[in-house]
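Labels for the chains are A, B, C and D, by order of writing; each one numbers its residues from 1.
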Amino acid sequence: MPVQFDPAPAVVDLVRRTEALVADVALPAETAHRGSAHDAPEELRRTLQEAARRAGVFAPHADTRFGGLGLDLRDRAPVFEAAGYSLFGPLALNCAAPDEGNMHLLERVASDAQQQRYLRPLVSGETRSCFAMTEPAPGAGSDPRALTTTARRTSAGWLLNGHKWFITGARGAAFAIVMARTSGEPGSPGGATMFLVDTDTPGLRHVRDLDCLDESMFGGHAELLLTDVEVGEDAVLGEVDRGFEHAQVRLGPARLTHCMRWLGTARRAADVAADRALTRQAFGARLGDLGMVQQHLADNEIDIEASRALVLRACWDLDTGAPAAQITSITKTFVAEAVNRVVDRSLQVCGALGISGDAPLARLYREVRPFRIYDGPSETHRWAIARRVLRAAERREGTRADGVHP
Amino acid sequence: MPVQFDPAPAVVDLVRRTEALVADVALPAETAHRGSAHDAPEELRRTLQEAARRAGVFAPHADTRFGGLGLDLRDRAPVFEAAGYSLFGPLALNCAAPDEGNMHLLERVASDAQQQRYLRPLVSGETRSCFAMTEPAPGAGSDPRALTTTARRTSAGWLLNGHKWFITGARGAAFAIVMARTSGEPGSPGGATMFLVDTDTPGLRHVRDLDCLDESMFGGHAELLLTDVEVGEDAVLGEVDRGFEHAQVRLGPARLTHCMRWLGTARRAADVAADRALTRQAFGARLGDLGMVQQHLADNEIDIEASRALVLRACWDLDTGAPAAQITSITKTFVAEAVNRVVDRSLQVCGALGISGDAPLARLYREVRPFRIYDGPSETHRWAIARRVLRAAERREGTRADGVHP
Amino acid sequence: MPVQFDPAPAVVDLVRRTEALVADVALPAETAHRGSAHDAPEELRRTLQEAARRAGVFAPHADTRFGGLGLDLRDRAPVFEAAGYSLFGPLALNCAAPDEGNMHLLERVASDAQQQRYLRPLVSGETRSCFAMTEPAPGAGSDPRALTTTARRTSAGWLLNGHKWFITGARGAAFAIVMARTSGEPGSPGGATMFLVDTDTPGLRHVRDLDCLDESMFGGHAELLLTDVEVGEDAVLGEVDRGFEHAQVRLGPARLTHCMRWLGTARRAADVAADRALTRQAFGARLGDLGMVQQHLADNEIDIEASRALVLRACWDLDTGAPAAQITSITKTFVAEAVNRVVDRSLQVCGALGISGDAPLARLYREVRPFRIYDGPSETHRWAIARRVLRAAERREGTRADGVHP
Amino acid sequence: MPVQFDPAPAVVDLVRRTEALVADVALPAETAHRGSAHDAPEELRRTLQEAARRAGVFAPHADTRFGGLGLDLRDRAPVFEAAGYSLFGPLALNCAAPDEGNMHLLERVASDAQQQRYLRPLVSGETRSCFAMTEPAPGAGSDPRALTTTARRTSAGWLLNGHKWFITGARGAAFAIVMARTSGEPGSPGGATMFLVDTDTPGLRHVRDLDCLDESMFGGHAELLLTDVEVGEDAVLGEVDRGFEHAQVRLGPARLTHCMRWLGTARRAADVAADRALTRQAFGARLGDLGMVQQHLADNEIDIEASRALVLRACWDLDTGAPAAQITSITKTFVAEAVNRVVDRSLQVCGALGISGDAPLARLYREVRPFRIYDGPSETHRWAIARRVLRAAERREGTRADGVHP
């Protein structure tokens, strides 16, 4: 079967309906809230999701068993990009981080009972969730092995203690997936376990919402404290001591869906810049007739098309079960940087207007910067990529003459 | 006289005192206001400036005749950089934009009477001012010749009408320097005149403050409307129809002082990143022991030192009256981009902490982005630089054999 | 049909055989000639091509009617990349520029008689060809409309006069495809015609071979002079005055096949660097354990994977007849720059060894630089890309509310 | 004393005479040899240096005691840049690498007798020299501590054994400064000693000249073998076991003089590109009227001016004896990369002409690439820069409150 790129007509149709929803509902709502969802009311979320349900584009990624549209990753790509055109689009489709990644994780790792209790209402939009992994220094960050939160086995189940930080969507979430150390020491690569913890469990405290550069994620980023939080045996998600492994299940696709959504942001920024270049006059010419502006516009397209092509490539590997750690790292790193370049150039094309809140660029500029850090900073991915390159070189040694002139 | 770089001991002393003031007064105030001065109370300004006066570092750039310290541009460079280490430092020293540039302009172009009335209280910190040049599209922006605001001669003086936009420091300013067209059409290179307009003059309306990416400039950025604003003949600053020319007097030094202050911001960001790299552990090592982090730290130093060297070079040319249009364009373009790179890298080194308000990086990230647009976007400067290169090439033609192999 | 990426097993097999041929035959020959084919003997070409024929990988792109393997563009991609791993690989497979592009053109535009006379021996490797389009300044270069070579109709056919420059593969070619102006003036967009001219036609003079940065193209780059070259009516390739149009038939695929081959060069360079990083010690560590070296290795992978994904995307559009001008321009620009970055980084990783002829990097460094200029410099492509962006923005106007906050 | 930039009139005059010599003598000679000096005859060197002597610009850097003009580093900067405008200019002035650095070293470290025997004829141009430090892997390269060549004390003096590689100017040199290990093991930071070795000493064998990307250094880059080379006690340059320390004496200034000369190369490339942009037409406009070409021209100026400013800054520190390790590393890294960018852009502006030998760009492109590796690759310098940043951060700890929000 030769390489082929076009999605099925049903997916194309889904994309068109998502575009319409974004234009008619998500963008106006975003403008009304100046792009900030950190403090947005639950009412906003309900309204947006109801519109998406009516448009038939709700939960496109979730399994049909739980009420989703069941798209594989390749088909999600154009839909999520269309949703990401507005900062509020993914919220409308219920495919925003961290819920979307959590649904993926629960579909694959949770027990039936856990799926009924946690996954079903999450897919339907009845509840929200958070993923409580990262910790303040010197705990788990880019290096998850530094995990310091502990879960100690008790007669009744587990006792959790720890400090979590930068937990997206925590305020208002119904439950948290908490990563805690069940064996080993901070720094050791194993011994983590995931727990499903209702947020009203005694001892789980929302300390504060962080003041952040980005503000478009519903529920914000919070600091949580776990003090003798008791959970039952049935709170274990997956298997004990296999938390890091289970996290990988979530990570690969989550990286790609981040790419898809933020590609929509980039597309939006590039469109705004092109519109501006088309209409604004300077130095006796249309802005878009000036070579340096044209370079910005062209580089935007190059970055976007290369990103899209990489995303599809990585989706294909994940969908078909091919080894995909290298391609998802590559894709995440490239797309995160490309998206930032696109928004930066687009803002520059818009000049002072781009700095002001009269255009969306300043907001988008703030929103995309964290992408180079979230889900592994570029440096961590580059390190992982290079190590795989070196291992491949090691395998080549002995099996072939190298390409060096003798 | 050979090239030499070290400032006089008195200047070094001034730098040390400025650093102390910044550490003791400006940084704490900045932290208390989360780096935002758009809505800061007048009280804050008074307090900061009183501290600077006591430290003997107030108004270092202003002429001694008006109460300043009378530093030339070369000596200002390290002092302003030290002040810029805090977003609130320049405000404390009364050397923030736009007042600092306006003082420079008034020193050179204003009449004695105008200097007494407008310059003296501005230098002393009694008043603030703004420079009302830019207009909403399709008016004056990167291309000042698009100026649409008009001043029509009346029997009593002048009648001003127009729409101004992105006027920094307008809210609370005692007067505005208004650029208006007195002859020619929008697009024509001549025919502009500057007017000194008290902000309580009837017809001058503060429409709104813009919501902006940056928020550290006291008084914010405003939209102004001028409707039949009447001013007398004595409101003309400099000569009629020579407004663009007079603006050049302001622009060259203003570009450099922007560079100096924002270099301080870059230095701050680089220090925060280095401190973090020193203490944070990841992957079994100090962050600062990882090569990709080292690269960020090193590139920060390279950008900062190259910026400093260029600034001094450009200051020398302006101080000695050498032709400096090319070197100031080069310096402004390089430094604006270098400062952005430094802050971006520093934020990246700090990871999620850098995204959060728990470190100053996210704030600095927002503050430096506009520098690539303010005082002429990089593209406009590059265009001007290239045209001078081509004119130089034209002059070479005929006067020498070129470097091309025959 | 969902997006899919994997080539058919027969293509995978072809790639493996090409890799073996490159390792066993092409790389040793390349080393023996130090990567330079400008002055290589015809004997070398015969030997390489005979080996490719035996390996069953000869002329993979040519139509089966003429003795090729008939691969579409998507299937060519991995085969050509494998061939390009050695500078002499494409020559072996008879898929090097300019012959490969000329075959494509003749397949689509030539008459049956012309195909028998010119295409058949070209595909079989019996002859070589050149494409005589570019001219010395002020003639046709990045701007083909500047074409100055003329063809004047005579009673017997056409009389060609002109000066051609940088004509790849001209020395030793059996025929040239000459672009000449048959109407209009230099600068006008129409009026060009292509002519098939035997290189032994009187009046067609090979003036000299150019001394060039790159040296791996068989037959070098030549300067040609056409003085009253007489050809018959049957020399017209395609239709009179539609030469620019026909050139487009050649250009799209030719750009992609350039990308494929040079991606092989990049892959080679990256492998050499990885091998070096694996074995060389410095500062008490393996070179590959140093973060800045890891960054180079990782960025190489990112550039290569993004390039591959873009190439496949563009091939898909060309293969399926979708509008592909934008995606081929984007792909050519990105890949040309990515390939240069990869080779540059790889050379840097190898240090002084990379500068010396003891490794292939210095040679590869010379060979890939022209790719950013050949087939349209990056600037010309960016200009074309931006104009399409602006036209798309124009179409959007009126049909939808833009993304700008009101 | 305030910062000041202009050189004394005598230096300006020297620059003018150097420019004239370069235009009249060096550039024509360079063109005649196509920029390659690896195989150039001794006669060429004699002729060029005789012309420089007549012009009064010979050996501007050498101490007046030995026949030089005695310029300090700041005054050398513009003179060396002027010389570097031609690849053969530094050879003419006898200020090319490695002789120029060796003169500097001998002036500071050699005994009187050594100065009379080796330095005097080197300054006068009677002899040439080489600096034999680097070794093939796994020996001394970017990491000099890997030094494997040994010197063993004998009754009569010393016995040297080792393998040297990439020894610039070795063919035809009268003597070599050989770095050999006199104590410690490869990898240890001490125990190196420098020896002055006449190249006709038995056992010192010139194995071969390396085939290299760059070819403008007179005498090329060679591989040397030392087999039981006997030298007397008086061959020790400086003190035993202090070779690495002495090498530092050479390195700081040598890095800067490399920068100066290669800045001349960059200036040349930028001029060629500007000339081309002035005259070449494309797409109905002068090349220089196209924005993307203007961007290249502007970025060239920015890179050159930033480089010049950094070089002067670093010269000032070295001339005045201030700590200069950080600023010379910064300057070397920035300038090496800037020079490469300038030449790359200039070549791009010239299009296919730039690829061909009909313009000097292809040659310059080859010549400047090694600068990012010679005298320490950029990565090694960045590593050293970062370590100094971290040490400075360490010193700050405890002495001041940091800039991080509490």
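Quick note on the criterion: a contact is a pair of C-beta atoms (placed from the backbone, for glycine too) under 8 Å apart; a residue touches a chain by one contact, two chains touch by 3 or more.
It should be emphasised that the depicted structure is a prediction, and the values quoted were computed from it without experimental measurement.
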Practice task
Compare the two sides of the chain A and chain C interface and say whether they are made mostly of the same residue numbers, over half shared, or of different ones.
Solution key: same
Exercise for the section: Among all other chains, pick the one whose mean CA position is farthest from the mean CA position of chain D. Expected result: A
Handout entry: Higher-contact pair (C-beta pairs counted), C-D versus B-C
Key = C-D
Handout entry: Euclidean distance of C-alpha centroids - chain B vs chain C, Å
Key = 49
Fill in the blank from the handout: Whole-angstrom distance, CA centroid of chain A to CA centroid of chain C, is 39
Handout entry: Inter-chain centre distance, chain C versus chain D - centres from mean C-alpha coordinates, in Å
Key = 38
Completion exercise
Residue ranges of chain A touching at least 2 other chains are 34, 290-295, 357-358, 379, 382-383
Practice task
Sort out for me which residues of chain C touch chain A in the complex.
Solution key: 1-8, 23, 27, 31, 34, 72, 74-75, 77, 85, 268, 270-272, 274-275, 277-278, 288, 291, 293-295, 297-302, 305-306, 308-310, 312-313, 315-317, 319-320, 326-327, 330-331, 333-334, 357-360, 379, 381-383, 385-387, 389-390, 392-394, 396-397, 400-406
Practice task
Under the touch definition given earlier, write down the residues of chain B that touch chain A in their complex.
Solution key: 34, 134, 137-138, 141-143, 146, 165-166, 187, 210-214, 221, 279-284, 290, 292-293, 347-348, 351-358, 362, 365-366, 369-370, 372-374, 377-379, 382-383
Completion exercise
chain B residues touching chain C in their complex are 290-295
